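What follows is a pair of complexes built around chain A, which joins chain B in one and chain C in the other.
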Partner chain A sequence: MSWTRNVLRVNLSNGSITHEPLNMQWANDYLGQRGLATKYLVEEIDPKCDALSPENKMIMTTGPLTGTMASTAGRYSVVTKSPLTGAIACSNSGGYFGNEMKNAGWDMIILEGKSPTPVYLYIENDKAELIPADDLWGKSAWETDELIHSKHQDPMLRIAVVGRAAEKGCLFSAIVNDLHRAAGRSGVGTVMASKNVKAVVLRGTKGVGGISDPAKFFKATEDGKKVLAENAVTGEGLPALGTQVLMNVINEVGALPTHNHREVQFDGASKISGEAMLEVRASDGKANLTTNGACFGCTIACQRISTVDKNHFTVKDKPQYQGNSGGLEFENAWSLGTDCGVDDLDAVTFANFLCNEDAVDPISLGATIAAAMELFEEGAITVKETGGMELKFGSAEALVWATEVTVKGEGFGLDLGMGSKRLCEKYGRPEFSMTVKGQEFPAYDPRGIQGIGLAYATSNRGACHLRGYTVASEILGIPEKTDPLVTEGKAALVKAFQDATAVVDSAGICVFTTFAWTLEDIAPQIDAACEGDWSAERCLEVGERIWNMEREFNLAAGLTAMDDTLPKRLLKDIAAKTGPAKGRVNDLGQMLPEYYQLRGWTPEGVPTDETRMRLGL
Partner chain B sequence: MLRSLQIEPEKCTGCLQCEMACSYQAEGVFNPSKSRIKIFSFHEEGRFVPYTCTQCTEAWCMHACPVEAIVLNEATGAKEVIDDICVGCKVCTIACPFGTVNYNQDAGTVYKCDLCGGDPECAKACPTQAITYVDSDHGGLERMRAHAAQNLPQDSAQT
Partner chain C sequence: MEITLKLYASLSQYLPENSVKHSAKFEISTSDTTISILDRFNVPDKEVHLVLLNGVYLHPEERKSLNFSDGDTLAIWPPVAGG
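What follows is the complex of A and B.
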């Protein structure tokens, strides 16, 4: 097994808490976590419902490997309908929360309805209760974490919490656990806050057992760890530099979106790179990076634990920000730094701390601030809206100000909290919004990396690099090198990455393992842990089934093939100005029809009856 | 030759593979809450620190036990709890200055590190060698070597 086979259902409207057995038929078809929880969601909610209404549900979910000794097996996901995109949302987080949920005996926690007053959900193994949280409402994620630990006098609690931004309706609010790990994207935190739930608190002491074949399991997981240790990316690059190993690499290949995607290279990239984080500061003799760290069970350890220079203007008189917190990952350094044209490492690190503190998705925040900076430059936003702040590209002060008002949900921060799409529409320049399905782009430019453009356009949760990370192939040569400037073969590449990633996200492990692992490494670990035969082929079929199920949810929610596109800026209006991709736009039109065909979808992007039958949908 | 667990906190990443290995060996499930070795995370300081029993020679826990349920394993040097004799009085948990003997409410007895009979699982599971199992007489050997290396001429110091 390795599933606990138990689901906790919490009806927030009437306060009832019930236990039910996991649907094992669905577990066989959808594995766990992303796939299985999405199956529950699509069976239980109307895809057309308002994401912030009580009709939406929010599911916290683990995979069959979560809580075991398989490397990186501490993941959990939050599955719900997204208020940012109106599409399916599934946000994955590490830290120690997922493991604790499994140890408390739960595969899944389903939150439904809406509590009449603020509460937090406290779970101690089988015991679960809703506790009033009026005193916590209005507090940051960090304050809430501390107050709950001290109230229960239990330092071993694992807590997932929303911050002030979510309470104020910021549409890209995250859920932060263990202070700086986050189920980050698509506004899953906004949904949690809309249900008047401030935190989910866990204490699990049952242990994770039921490994189907322990001898085989230890062999398979040991083999897997060896592959990770011996791989150049997972064994050396990620521990040393984190995902920030990519800042200079992506800049050099001319795929680093800059100034709200007007350019594809950034002069200041090296100043906010992983290498820069290792440089010793003159002021205190320390580097930005204190150490690397690991999430539960992870033998890669890519986390950045960082400090801001004590003399920097952002923290000078604020001792509470002078300690360590989760530091810059590539995505955050890109969105808050590069995309806003800010090359001040301390300012970008500080802005990221604020995102940790109040549980906000730094990708969407940085990209939205970049859009606002362009609106300011064009005069669509003025100092009247910003209360005097010159919202200029390259201004560290503007970045920090915009971050502060957004995470606290104050003044112009409420506009920024709507996300780039709604912000640009409100101020009359919708073409400035660099989004797909309303979700902001991550750090790779589709003009310099063609395949990722198709991955963004077709991602079920809107623009996202984690739904099909073709960058691995197109830039890093994993599993094999493809030319980033070529469109041929990218439809098949995107499909393969999308399906495989859906399996990884459903197993309880981290997608970063796939820098080194293929399904041939992962399937034996699932197979040894779970009942039944889990071959790589079966895993891939499960992945494809999950992808199509998510697609059908989105279609039922009202999305169409028209939404499988990129902003005009990337398709037509602004070709790459510099670098290897100079003169190129993204040639989505050359890839999308082939992609639909490979998926077994109609030219309108709808799964055919034959495809549905083949996948058992 | 006796061996001891050698802990180097600066190498620890906080992954808890040791806690899972320990609990699996002792309890048959992956259960950090029942691990004999614990990793402490110091968020502000950005440090992870593993901590477990050091197997004191004149062990406070062993001397404090009124029923002689904690005994020396002469082969490993470990102070082991004999579950059948332990009455769960918890005096040893009070006596231990380091907090490394703890009560298990499910079992009604205390538990502590027993070095897995001489082949500690935590050391085997640690991916960064933050926990190693070394000659008890030479726990400082690597640190001595590092300091000694500082006296070498610059170009050969890396060997």
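What follows is the complex of A and C.
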């Protein structure tokens, strides 16, 4: 066992806090973290409930490897029903919060009901209490983090917090921990704020024990670290340039969505790329990138630490933003930069700082601003709505303004906070919304990478690259190269990535390990840590079970096969104008029926009785 | 004929000094291949992973044999990934 076997249940409505044992039968079937917490959620809430009502629950959860000596084992997830999509939400974060939670002795913290007044949850090992947070309501995530540390006079506290955007109902609000790491997608922060919870504060000093076979575990984790160190991607590439190395790659292959997906290549891509972050600025002799960083226990260290040029308009009179802070990942540089047509590296970096400061998902924010820019250029939004701001593609000033009003929940920022789908519907042009199930697209264009289109369309949490990262195979050749422009074989590829990722997300480790590790590297670590036999085959079956359970939650919530689709822009209306995919749309119709068949689902996308029985659902 | 060579990430160091934004234009002969061009710039073979000709992936076999057309763009990376 490397589960702590302990669950903390907090009823916010009546203030009761109870301890209960972890359901070990479910742990055997769903492993931990994403899988296990989703099982709890499925059993405890009505999938049709309003995501922002007290009937919804929010679960913070670790995996069996979280807090152990396995590489990258600092992960935790937040599982709930999403207010953005109405589907299952599971957002995964690194930093140090997950490790602290495990060290405090908890596999899971379940928040249920709604507090009558703002509170934060303080946990010190077995002790847990709800503390009034009226003085913190209205503060940014960063201010709240500082005030709580100061109040408790404990610099070792690990804090997960929501910002002003969540309080104002922004539907893609995140939960930020350790200032710069986030459970980012699907509006999990909005759910936390709807419960009047400003922060969850942790101090854990128990240590993480209970490894089933310590000697075997030591060997398995050491072997795993060796693989990561010797792999050129995890040992060299990611530490040096981070995920941002992809900006030029994806632009070259013609799959970089630009100007709200009107184009697939961006002239300014190299100016906001990982390589550009290393270039020395003329003004102060420094580069955008100061150094890399790592989450708990990570031997990859892809994190970016950056500064903005002190003379740049965004920070010129704001010394609080002139120091080092969390830098750009590829997704954020794409959404805030490329998709909005902005090639000003400092402006994009600053907008990303603001997303961290107030705990907002920068993917959804950037994609929503891009949709707003198209609405503005088409005349559906005017300066009347924006208070005079010319919301045009390519404008760094407009990007920063739109970010500021959204993270603070002011004026037109409240419209942007609804997300792209609701914004475009409100202003009469729903076809401008680049979303699946209401969640905004990440940085890969399905016209230039066919398989990722199927992955987006079938993702259980709406458009998401992290539910089945077929880009690894279709573009990067990991584990083997496939042609991004063909549809043949992609149904099986998507299913394989989806099932394997569900296991990784349930173990307590980072999905980036899979650039070097396969389940054959991961399974021995789980096997040595946990009771029972955990072969790669069993892990994969658990992954498939998790995927189907999430699907059944969504079906029960009212989603159907009609939601497994892409915007018409990508299927029909606008073919790729340049690059290798020139003239192509996404041929989803050639992949989806085979995908349903491989999944053991009916043509209507429903798991058959045989599939349910096989997986023990 | 003239082609554009783009070397990214850690490979940028192998470009000539007058390169702009990881990119250099230069004349090649009709018999040149990816391998011969990389040799010319002293790019170690073991550091080469992703090779794109006009954005389209070149399999390792094609790198030894495929010739170029005037105006082609050859872009090359070491092993990279992201998310």
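Following the convention adopted for this analysis, the second predicted complex is superposed on the first by the 617 of 617 C-alpha atoms of A that agree within 3 Å, B and C clash if a C-alpha of one lies under 4 Å from a C-alpha of the other, contacts with A are read in each partner's own complex, and residues count from 1 in each chain.
The rule is simple: a residue touches a chain if its C-beta (ideal position, glycine included) is under 8 Å from a C-beta of that chain, and two chains touch if they have at least 3 such contacts.
It should be emphasised that the depicted structure is a prediction, and the values quoted were computed from it without experimental measurement.
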Classify the contacts of A:Gly94 with the two partner chains as first (chain B alone), second (chain C alone), both, or neither. neither
For A:Met156, select first, second, both or neither according to whether it touches chain B, chain C, the two together, or no partner. first
Once chain A of both complexes is superposed, is A:Gly477 in touch with chain B (first), chain C (second), both, or neither? second
So in the superposed three-chain picture, is A:Gly605 touching just chain B, just chain C, both, or none of them (first/second/both/neither)? neither
Can A:Gly419 be said to touch chain B (first), chain C (second), both, or neither? neither
Let me test your reading of the model: by the given contact rule, A:Gly113 touches which partner, first (chain B), second (chain C), both or neither? neither
Kindly classify A:Phe515 by the partners it touches after superposition: chain B alone (first), chain C alone (second), both, or neither? second
Would you pull the chain C residues touching chain A in the complex into a rising list? 6, 8-10, 12, 21-22, 49-50, 52, 54-57, 59, 73, 75, 77-83
Mind listing the chain A positions that touch chain C in their complex? 231-233, 236-238, 240-246, 248-249, 252-254, 270, 274-275, 329-331, 465-466, 469, 472, 475-478, 481, 483, 511-512, 515, 579-580
How about chain A: which of its residues touch chain B in the complex? 67-69, 96, 99, 103, 156, 179, 204-209, 225, 229, 239, 290-299, 301, 303, 305-307, 323-325
Could you please specify the touching residues of chain B with respect to chain A in the complex? 10, 13-17, 20-21, 23-24, 27-34, 43-48, 125, 127-128
